[in-house]
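Structures follow.
Both complexes below contain subunit A, partnered by subunit B and then by subunit C.
Moving on to the complex of A and B:
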């Protein structure tokens, strides 16, 4: 158990290190001159030189990398070139939108998937099952950003239940904030829900065919009771895995969906930073997003040990 | 389907493709859109980029089946030409993932040990960069464009192919004909290409269709963000981006490009499901 835990933590730390190296190589070495990227091709030579001085770009790449790293360890991500405020502050304020969006979206996806997946499993090879499977086929084929536009068309422009975009800020209260996140979260959730529904269905069908469920039924439990008391916990393992694997997509999806709904979150920040060539922001946000992805995967790995006691003794 | 394919294995396999509705439907949809993309090189109802301000925001009609946009351009013609970008990005991105990923997967399965460990840890690492994030980095470093979108989606596909090929190939390396080839003195590279690869080709083909569908979706998302295909080259994602401003005035401008993407992705996914059932009858029975 402890060795397994140590191995996972070590590989998490190594991946983290590799992520920072790649981000540094792609964003600072690949373009040649970051100062040129920041100022654009029309920049004057003396302006370029001044900026290089200011950003410390005349130092060797290795020195720059270690300075960035030691800054990160102190929680210092540098200063945004366009906003002139610390990047960490900028990211902190944007996370207040992106994290709730991702969590709400995951909640919607998991809720939908459990209901639809268990329904389909209970109706295995009957009309209801085929119906759910057809819906999931369409669900995985819909681009989230287009679904977002359709939701705006229906619920904002036609029914006027929600605003078409923007965010009032959490200062305005919990409900107005959540209300602004409902449509984007729903748009983001559908593709995840479709994938998860298939996983829930397949995994419940498999578990329902196992001996311990038959025993439970023989004891006199109804199908639904057997499912709730015995099958669900076992069926949840692959579901948790897929939620973890999908989380990266979800987070990347927020970049797109925040732009559809003009939500001032991390995704919109990174997108604007590309247009403003704010490398300092991009570098740190990319690393942060990648770190969130690998951390969620680590947590999922550790969750297995909680859900399935057998794994604790496996290695 | 199940009974037929088990009792009369060989005839069922021969006409299997006719009995698989998803294969037929997916094939027809994919073929239609691909033909439209190819046709657009030679002919479109109107020149796709020709502006006609007198004909702005025409709703769908007999002259303009899918209507016209804010510049009076014919939406059907734009969609046909836009299919070129989607398909090009899809093909190149899947090719990158397939070639590099399969090679890595084959090497990992052939060598095992620490080489296997390193390749697989590299794949874990690549998983931390979803296609959109990869595209964001490339766009920031090198500027936005179709080529970067291809590379970003391709890189995202590398670990997917590597894992699948490694898993599938592991079982082939221990088969008798591989051992026979080894005793006859053939090199690992030779065996990998001549004996292992043909035996896992079906799995690679199925994964390629699935990856192709996700690549189309990713290309659309990147172009929507302005990180993919650049104007004036028409692309589905870009059309949706431009249409969003006119959502209440001309909703059809958003509806048709979106429906085209959904239809295309649905078609490829159905094709993939059908191929999987056809190539791996075990899977068909399990369903």
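Moving on to the complex of A and C:
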């Protein structure tokens, strides 16, 4: 098997392990007693003690870490303090919103970036290029929550094309579900698209200056044909890299955007559990988010092998 | 009629400080089946002249003058017509085989591209034709190489592939810009032999650009010597080797040990450097390095003019039959 691939898989597993340790330690250090939050400031000391006992908070940290790990391996993430249902169930239902939201947002960002980036590259140093660059400058600067509110104002309150927030549930059908995700996905996508457009543009411009593109033109391909058939695939490597790197930011962005649009997704869950010191939920969600991010980056590394034959043969 | 007639081509680049001339008033022609060599130091404008013929000058450069290909002026031709000529009736071989192939496309796909584009062949026919081409340019095990990527081939093999692409549609004119500089000597000879065979078979005109006087002497019918963006001498190859007319041509010959007439076999580089395009002086560009310059040389730039039948030079005191004399 390809050495690069083995190396990536090993580093994926090690990173995952490191993340569980860090997540656990950070929550250990953080102030805040879940028992106190659950029972309120007026609770009796012995009631508090009993709850701590019940939640297993009195055991040594090492013991709790290994219990958590062995639970995770069995697919058991414990029970939420506040919702009193299994964390895995809670997370599962929230993922059904956040994952489609992230995927939709990435799709919008990549689509926009490819079109605008290639256009700007083809018009390098001309008006069209400057125009696109100015727009991306604005796109990078706009905070997604503010853009989200603008979108709600325009498309929900004024035009009434979309609802202003909330989620009907996938039981209501594919289209109503997607419809509820379009505006938040767009709000998340704009900043990503702006950054990505710049990457696509720079990358395509660089490739267009390479000798093999001139060769393609000398064969009789038009400028557009040379761009499509020869430059694009070569320009894709840095683009894919940045998509992978941005995915983490995108997930962080869902925390804000799901609150703006009142979507019951993972981002909103983590926000609420932090408020309520629901450690059981927080640590599992943090690990899950980390797993998603490093898995996306693993997929990016695998994509390199698909895109670039030179890496495929370098085993 | 000449296959290619280049007339008073000048190429300039737009810089923030204004237009800078890179190539000035270059004229020459190539007959069908003729092999014309273009010689000159690095940066003298050889590649730009070649690119201008195909209308592929880099962004920001413009060419003026006339480039007649079988009578049609390529400089005024519209882009779609140029696309139909490039890679079809005019083939171009670039100097760097390491970077001229697309690293992410198979050899086969790249060789099939001009065939599909210009001859409208379907995938099946194009494949058969491309394999024939790869055999013809003597690429070892072509069937296996067909599905390989450029990085799996050696430098010489890649250059063969580049040649295969350039000759795929049997062009009437082939421009080879230093096709062998990146290769070792044995590979050089093989590639050049290949080019000779191919042009012989089809009566293709060849413009061969190279620094290498040895290659020139063996392959070409006529030589254009360029200096600082202009042609300073054009002569039949044998004449130029026997008695270079321009002091720069003579300097070039002297720089090659075995071939320099009257030299003791030691390499004798021409002292000094070429003036940069933006800093070209009035008068003859070679003056600062010329051993026989006269007062006239500083005042006026000599134009290319006939000095003997079939030979011309841009010099106030060309060396005719080994002797200088005011012409």
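Everything that follows uses one rule, which is that the second predicted complex is superposed on the first by the 295 of 315 C-alpha atoms of A that agree within 3 Å, B and C clash if a C-alpha of one lies under 4 Å from a C-alpha of the other, contacts with A are read in each partner's own complex, and residues count from 1 in each chain.
Criterion: a residue touches a chain if its C-beta (ideal position, glycine included) is under 8 Å from a C-beta of that chain, and two chains touch if they have at least 3 such contacts.
Predicted model, so just to flag it, every value in this text is computed and none were measured.
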| message | Under the stated touch criterion, which partner chain does A:187 make contact with: subunit B (first), subunit C (second), both, or neither? | response | neither
| query | Of the two partner chains, subunit B (first) and subunit C (second), which one does A:108 touch, if any: first, second, both, or neither? | reply | neither
| said: Between subunit C and subunit B, which one touches more residues of subunit A when both complexes sit on the common chain A? | reply: B
| said: Applying the document's definition of touch, where does A:195 land relative to subunit B and subunit C: first, second, both, or neither? | reply: neither
| task | Could you tell me if A:146 is touching subunit B, subunit C, both of them or neither one (first, second, both, neither)? | result | first
| In their complex, what parts of subunit C are in touch with subunit A? | 54, 56, 59, 79-80, 83-88, 91-92, 94, 96, 99-105, 113-114, 117-118, 149, 151-152, 162, 165-166
| request: Would you mind writing out the residues of subunit B in touch with subunit A in their complex? | output: 121, 124-125, 127-133, 136-142, 144, 213, 217, 220-221, 224-225, 227, 237, 240, 243-244, 247-248, 251, 254, 257-258, 261-263, 265-266, 269-270
| remark: Residue set of subunit A touching subunit C in the complex reads 124-125, 210-212, 214-222, 229-230, 233-234, 307-310, 313
| task | Quick one: which bits of subunit A touch subunit B in the complex? Just the residue numbers, please. | result | 11, 14-15, 18-19, 22-23, 26-27, 30-31, 37, 137-138, 140-146, 149-150, 152-153, 157, 245, 248-249, 251-253, 255-256, 259-260, 270-271, 273-274, 277, 279, 282, 286, 289-291, 293-294, 297
